[in-house]
Amino acid sequence: MGILEVKDVNKRFGGLKALTDVTLSVAENSVHAIIGPNGAGKSTLLNCLVGKLIPDTGSVMFDGQSVLGRKPYEINQMGISRVFQTPEIFGDLTVMENMMIPLFARRDGVFRLHAIESVESERELRERAEAMLADVNMLEKRNMHSASMSRGDKRRLEMAMCLVQEPRLLLLDEPTAGMARADTNNTIDLLREIKAKRDITMAIIEHDMHVVFSLADRITVLAQGTPLVEDTPENIKGHPKVQEAYLGEHA
Amino acid sequence: MLGLGKRDLTLFAVVAVLALFAPFILNPFPTDSGLAQFNAGYPDLMQRFVIFGILAIGFNILFGLTGYLSFGHAAFLGVGSYSAVWMFKLLSMNVIPAILLSMVMAGLFAVVIGYVSLRRSGIYFSILTLAFAQMSYNLAYSVLTPITNGETGLQITLDDPRILGVSATADGGIPVTNLFGLEMRSFETVAMGPWEFQFSIGYYIAAVIMLISFYVAIRIFRSPFGMMLRAIKSNQNRLYYTGLNARPYTLAAFVISGMYAGLAGGLLACMDPLAGAERMQWTASGEVVLMTILGGAGTLIGPVLGAGFIKYFENIFSKINDQVVHGWVSFLPDGLEDLVVGLIHPFVGKGWHLTLGLLFMLIVIFLPGGLVEGGQRIRNAVSNRRNRNADAAEAQAASQQPPAE
Amino acid sequence: MDAIILQILNGLDKGSAYALIALGLTLIFGTLGVVNFAHGALFMIGAFCAVTLNRLLNLSHQVVDETRTDFLGNPLKVDVPYVQDLFGESAGAAIIDWSVPLAILFSIPVMIAIGVIMERGLIKHFYRRPHADQILVTFGLAIVLQEIIKQVYGANPIPTPAPDAFTGSFDFGVLLGFDPNAIIYPYWRLVYFAFAALIIGAVFAFLQFTTFGMVVRAGMADRETVGLLGINIDRRFTIMFGLAAAVAGLAGVMYAPINSPNYHMGMDFLVLSFVVVVVGGMGSLPGAVLAGFLLGILESFASMNEIKSILPGIDQIIIYLVAIVILLTRPRGLMGRKGVMED
Amino acid sequence: FTNEPTGGSVTLGFNVPQTGPYADEGADELRAYELAVEHLNGGGDGGMLNTFSSKALEGNGILGKKVEYVTGDTQTKSDAARASAKSMIEKDGAVMITGGSSSGVAVAVQGLCQEAGVIFMAGLTHSNDTTGKDKKANGFRHFFDAYMSGAALAPVLAKQYGEDRKAYHLTADYTWGWTQEESIKAATEALGWETVETVKTPLAQTDFSSYIAPVLNSGADVLILNHYGGNMVNSLTNAVQFGLREKQVNGRNFEIVVPLFSRLMARGAGENIKGILGSTNWHWSLSDEGSKAFVKSFGTKYGFPPSQAAHTCYVQTLLYADAVQRAGSFDPCAVVEALEGGDSSLPGISSPANKGYLFDGLGNGQTLYRSADHQCFKDVLVVRGKENPTSEFDLLEVVEVTPVSQVWYEPDHPMFAGGSLGSCNPGA
Amino acid sequence: MNVRPDFSRNANQAETAPAFLSVWDMHSYYGESYIVQGVNFNVHEGEILALLGRNGAGKTTTLRSIARMDSPQVNRGEIWLDHQPLHKMSSYEAAMAGLGLVPEDRCIIPGLTVEENLQLAQIAPPIGWSIERLYDLFPRLGERRKQEGVTLSGGEQQMLAIARALARDIKVLLLDEPYEGLAPVIVDEIEKTLRHIKEQGMTTILVEQNAVRALQLADRAIILDTGSIVFDGSAAEVLENAELRAEYLAI
């Protein structure tokens, strides 16, 4: 029984069947990669997990509780964080402030009006944010206006914002797309390190096979909205159907 | 100190000093000079400066931080005023209960209007707030006349009950708004040479309340709550996936700023116990928006400057008539004098709107950050010059020093 | 029954005014995303085009009439318009009589010029500025335009009658089999309705059957990218502005006989037209027109005594009430597009 | 007392609408004020100072002090008007405030002046409340009121249109509109008219079609428009557009009545005003000596005849100056006493309230400033839109001058009950 | 800067053929921040130039400067495309002069369908590939022609962005990370397309994080670091020079 159980999920957009009977189980403390051709429904699946979309049918259980019908912020409070395919950050805020918001969110849970306290007094939170920034090599950029960073940096920031919440399940939608090789490698190391340090489950969507094969414990291949195969990385690499539909000659 | 950072503390101190010495600062011209027309240091206008300052500070908490542009804030101003006047009519002429009631009532209104309007964002939100305010205004002007006294505005009269006070003073007059006996409207005129300065109780009470409001606003801006509000403005989507429901925060900001508006409305009534329906009209809401943008939305001091700017023009420029202009330029030869008066004429007196409109345009074109940006540019220019001087001095000093090696 | 038909007629007519004003506004506000507080002023200037033409046609020289005296007891000077000298008395009088329809021709170039100058000189710099800045600058502009008109024409309303042929009213009731006088309707309002329909149709056709509308929409959503595709979006925005100004102006010209133009008539319509555009849904032309008619008809019904006696004051708030209900039940107004000014 | 003039001059505050719909009216008021100041200081031809029955003023200012003035903008909003008046009192030291072009503003500013301890000489305000439930000891009104309009108009209406008419009222939905409707309704019903329907129209309304369309069908044969200013222009224009005046109802011509006329606004209605009956406080075509003198000096200075607003404002200034002169002091309480006048009374009216300050020569014949409520009583003009105007100013013709005895009412008349003057307040 | 002489310019065709696109001493700013600090390079007709560098090196800024976007501001320098002075043009004029940019965040226009996005590209002259031909190249787009462009999957959006550039008859194609978010098979597909259009004479600048892939395709390469060119030479040279790769590309 995995920490995340997706059962028979279907999702249509008008005439288009984006997801058809998707069933998926992610084991606790594993890294589960979801790969597949463009438009296979990977991001759609993720959207169903975080409450952005509601599946037409099927169930999604996280840690024994259904996430369906919950608001995105409630789902996040259950311990699911998500990194988006195009970076979603607070562009008007500095990097450090970007880091503080997720920490406040964790501390306050529901609404709390701390209008008169000052941010400066939140020493403990600041330290955690700085430690996380150091982990993603962004400490020296902490006072930068986040909108004016290059895209690779935005991605790293977003990842740091998710990680600092210490989620139990981290969903990553192409986390290294557009990242320089060096940073991609750093990211792989970082994710490994985090996994080693604490209990965390990750579901990752990636087109960069280097990342997938370095991280994943299991891989699901999605094609045209249905899981094609699910297996270990080694087996996937050699799988002829995957070769043909997805990896192409460069695998 | 006071839980403020150094820069904020300086800002606060500057504002406090300005507020304290406003009667001097706003009266720079001797009473009998031609320029005395530009003096703004009389109680009513000074009170307006600080009261509309409060209104704009509050509005900025909503708009400057969350980006939600309410076009119905005047409704809270009006509710505040009506509540305060009713308090004067029913309870007593002491301003404390009046102010409290106006904040509470405005807060309640804000909860209802905010709860409904915040279901939408962007322009849809603006129009919802506008619709609520316009409904309030239209009803206050007509159907609700028993409560609001319609067109004339709610006034205190000799036959109000005033349970804790007197209906009429001993000499048959209407009692005066006061703070435990300190009359709001009483003021002291101090003459110093050709200058005259007026110190009014009402102004100082309003100024102290403004300083408190300003202080609270600084704290809100610098707090986690304020940061959260800025995050809402920046990217609500991200906020949702970060585990925060934006709605309670925006609603809180809306209610806080509504209560600021209620406070301002209440204070207006304390200074001059009349509440007119026009206070709720969309033009009044628009005025708050203009004040805030003009001064610099999202900055701490900007809205106060913007409020002062608009109120100054409304009260000073509208009073400059041809006779006054003639007075200024009477030293010119006759033909020239008429020409100059003719040139100035369209922009003053009944043309004060024209000047205001032109200034709106000029400021927003040349100072995209509002008046605050103007201030910053001046400061930069000054400090650049100073730096340059300092640099020059340093270079000179260095050239006089023989190199060590 | 006749009362209801009457109010529907009224509503259609009111609605056509709202729709026409909202149409112009939605071209700038709904489509270009510029919060244009000067739109009311454009409408007002349109009406003053009619006034101006009327004045121009009435340019006169004075003839002294010794038989009569003026208020100070001096011999009365009687104005004789030059057109009467030029075309003879009756033809001249007819030309003056027809000044409002003639003003349509006069106003189109004037309004387009105003729109283009306004866009090139001012608004151009504000597309990428925050909406708040747009509000400030266009509001300032509105005040300035208004004050200029006030300095020239004064604050009082200026009567600008329709041609004699269109004064008076038409008895619909008789057509439909009701008693005479049951449903009467002024000719000029029928003209206004037809005119509005014509303009609305023309604008729709222009935007629907050309790529212009699509390009402008795209340009508003992402100027940069549209530029990358070789499209000079600035020029199209300018054209759009000229078009919107012309629509606003025409709405104003034709409105002049209905209510005598005054310098603040634009402000009176401003809030209402914003409400109409938003209720119709941002970015939707049909939405704006539909909302205009809907609110016009509802407003007419709310002014019926039968309804007012049940809900006193309902006619004061009906528009706002309906706006609130619609915006709460339909997130983007009647037919709004996603993402247009939602943040 | 507040703002006692100490130097060689005295400052008056002219608080008129300079922006907004009544700006032209305000401008005309301001012209009249400037003219009055000129005359008080001995300039010009002296205008109505020459015809005024009181000869206290000598053309050397007031009590020998040169008259100066400040102006302000009421914006026709009670808030703004009060702010403007306050600045005149606090900053400029005005001892008297005058002006205004609407009742809301008049009542609000009157209240302020009472509290601040200066005299308020109302400008154009027509609501019964100004000297009714909202009357103040420091406030005075020369202009007539809605009751008088009704009382003056009703007999003329009955005479012209018959005594069994059915009236339909459209009324601006705010205080002035209501008192106007109440007054005219009472007056016409007393003569046998029937009121078919009274409909309130929103203040912000610009298009009255939906209110006018049902009129013909209601069985009414007279439409009474209790509107003023822009409302009046628009509703009248709309009514004429709907062809109401060409219709026959109950076998008679359909008629429209506008109880309160203003020439300035009538101009906005253009042709539509022709033949419409209404009432007015004063009109420049009057041929008494006072009116002639005023029209002459105003017309010579500005090139066109004065409006009724200008007239009332001019007269109020003179009356104030005269009162100060007679009282020998600027003290508001002394001025109030001088304006309340003592025991002179209008001839031909037997009423204990017929007491106050009686004067003549200011354009409306013998006029009483009644001490009981500070309201002027004088003849009221019933006018009609002129069919063949000779100029853009010649829009109205006087149909009848209703004698003051017909428009007289007691101070405790129900339409005016509820307030009290209180005592005069000299301020600090 | 002192690195530069070490990788002196390779003298093959570069010296002989006249430059088709040349960038001369270009300096670009975002407001106050000085990003591109005087770059010089030439691209020859029919050549594929790889523009490489770490995140934040200024690659995107360089492309945007060439495309004459409103930001960054180019304060100094000249850009010539086929004897036309791009530096004197605004972005739409540059586009009409034959420049095509596939921007890094794809910039699919919201509110427009896939087909409208393509039609938009064909409003201003010169018109390139027909829409049908583009659908043949990317069948997925053909299937989704009535769908709103921004609801496409990440990879589909990338295809649309490339198709949109080809819909215009351009002389130079600027590609900012075109492979990002694409499945390996599609990457192969696009690479083939690029080869194909190169054969037809298209000149291309390719910005890509996957340096190896880019270098295999490119004729020549430029490496940017903090806004300056640190290497300009043949692609093969970079592949061979391990030191260079390690220092600037981390591969």
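For the reader, a short list of remarks on this structure follows.
Here the chain labels run A, B, C, D and E in written order, and each chain numbers its own residues starting at 1.
Assume a residue touches a chain if its C-beta (ideal position, glycine included) is under 8 Å from a C-beta of that chain, and two chains touch if they have at least 3 such contacts.
Keep in mind it's a predicted model, so treat the numbers as computed, not measured.
Among the remaining chains, those touching chain B and also chain D are C. Minimum number of contact steps separating chain A from chain E: 1. In terms of their C-alpha centroids, the spacing between chain A and chain B amounts to 47 Å. Centroids built from CA atoms put chain E at 78 Å from chain D.
In whole angstrom, the spacing between the mean C-alpha positions of chain A and chain C is 53. Residue positions 313, 316 of chain C are each in touch with at least two other chains. The chain pairs satisfying the stated touch condition come to A-B, A-E, B-C, B-D, C-D, C-E. On the side of chain C, the complex with chain B involves touching residues 35, 122, 125, 129-133, 135-137, 139-144, 146-148, 151, 267, 271, 274-275, 278-279, 282, 312-313, 316-317, 320-321, 323-324, 327-328, 331-333, 341-343. Across the interface of their complex, chain D is touched by residues 2-3, 6-7, 9-11, 13-14, 17, 68, 70-72, 76, 150, 154-161, 167-169, 181-182, 184-186, 188-189, 257-260, 262, 264-265, 268-269, 299-300, 303-305, 308, 313, 315-316 of chain C.
The touching residues of chain B, when paired with chain C in their complex, are 63, 67, 69, 116, 119-124, 127-128, 130-132, 134-135, 138-139, 141-143, 236, 282-283, 286, 289-290, 292-294, 297, 346, 351, 353-354, 356-361, 363-365, 368. Against chain E, in their complex, chain C makes its touches with residues 211, 214-215, 217-218, 221-222, 224-233, 283, 337-340. Residues 39, 42-45, 48, 138, 141-143, 145, 149-153, 155, 157-159, 168, 171-174, 176, 185-187, 198, 272, 274, 276, 278-279, 314-315, 318-319, 321, 323, 349-350, 352-353 of chain B are the ones that touch chain D when the two sit in their complex.
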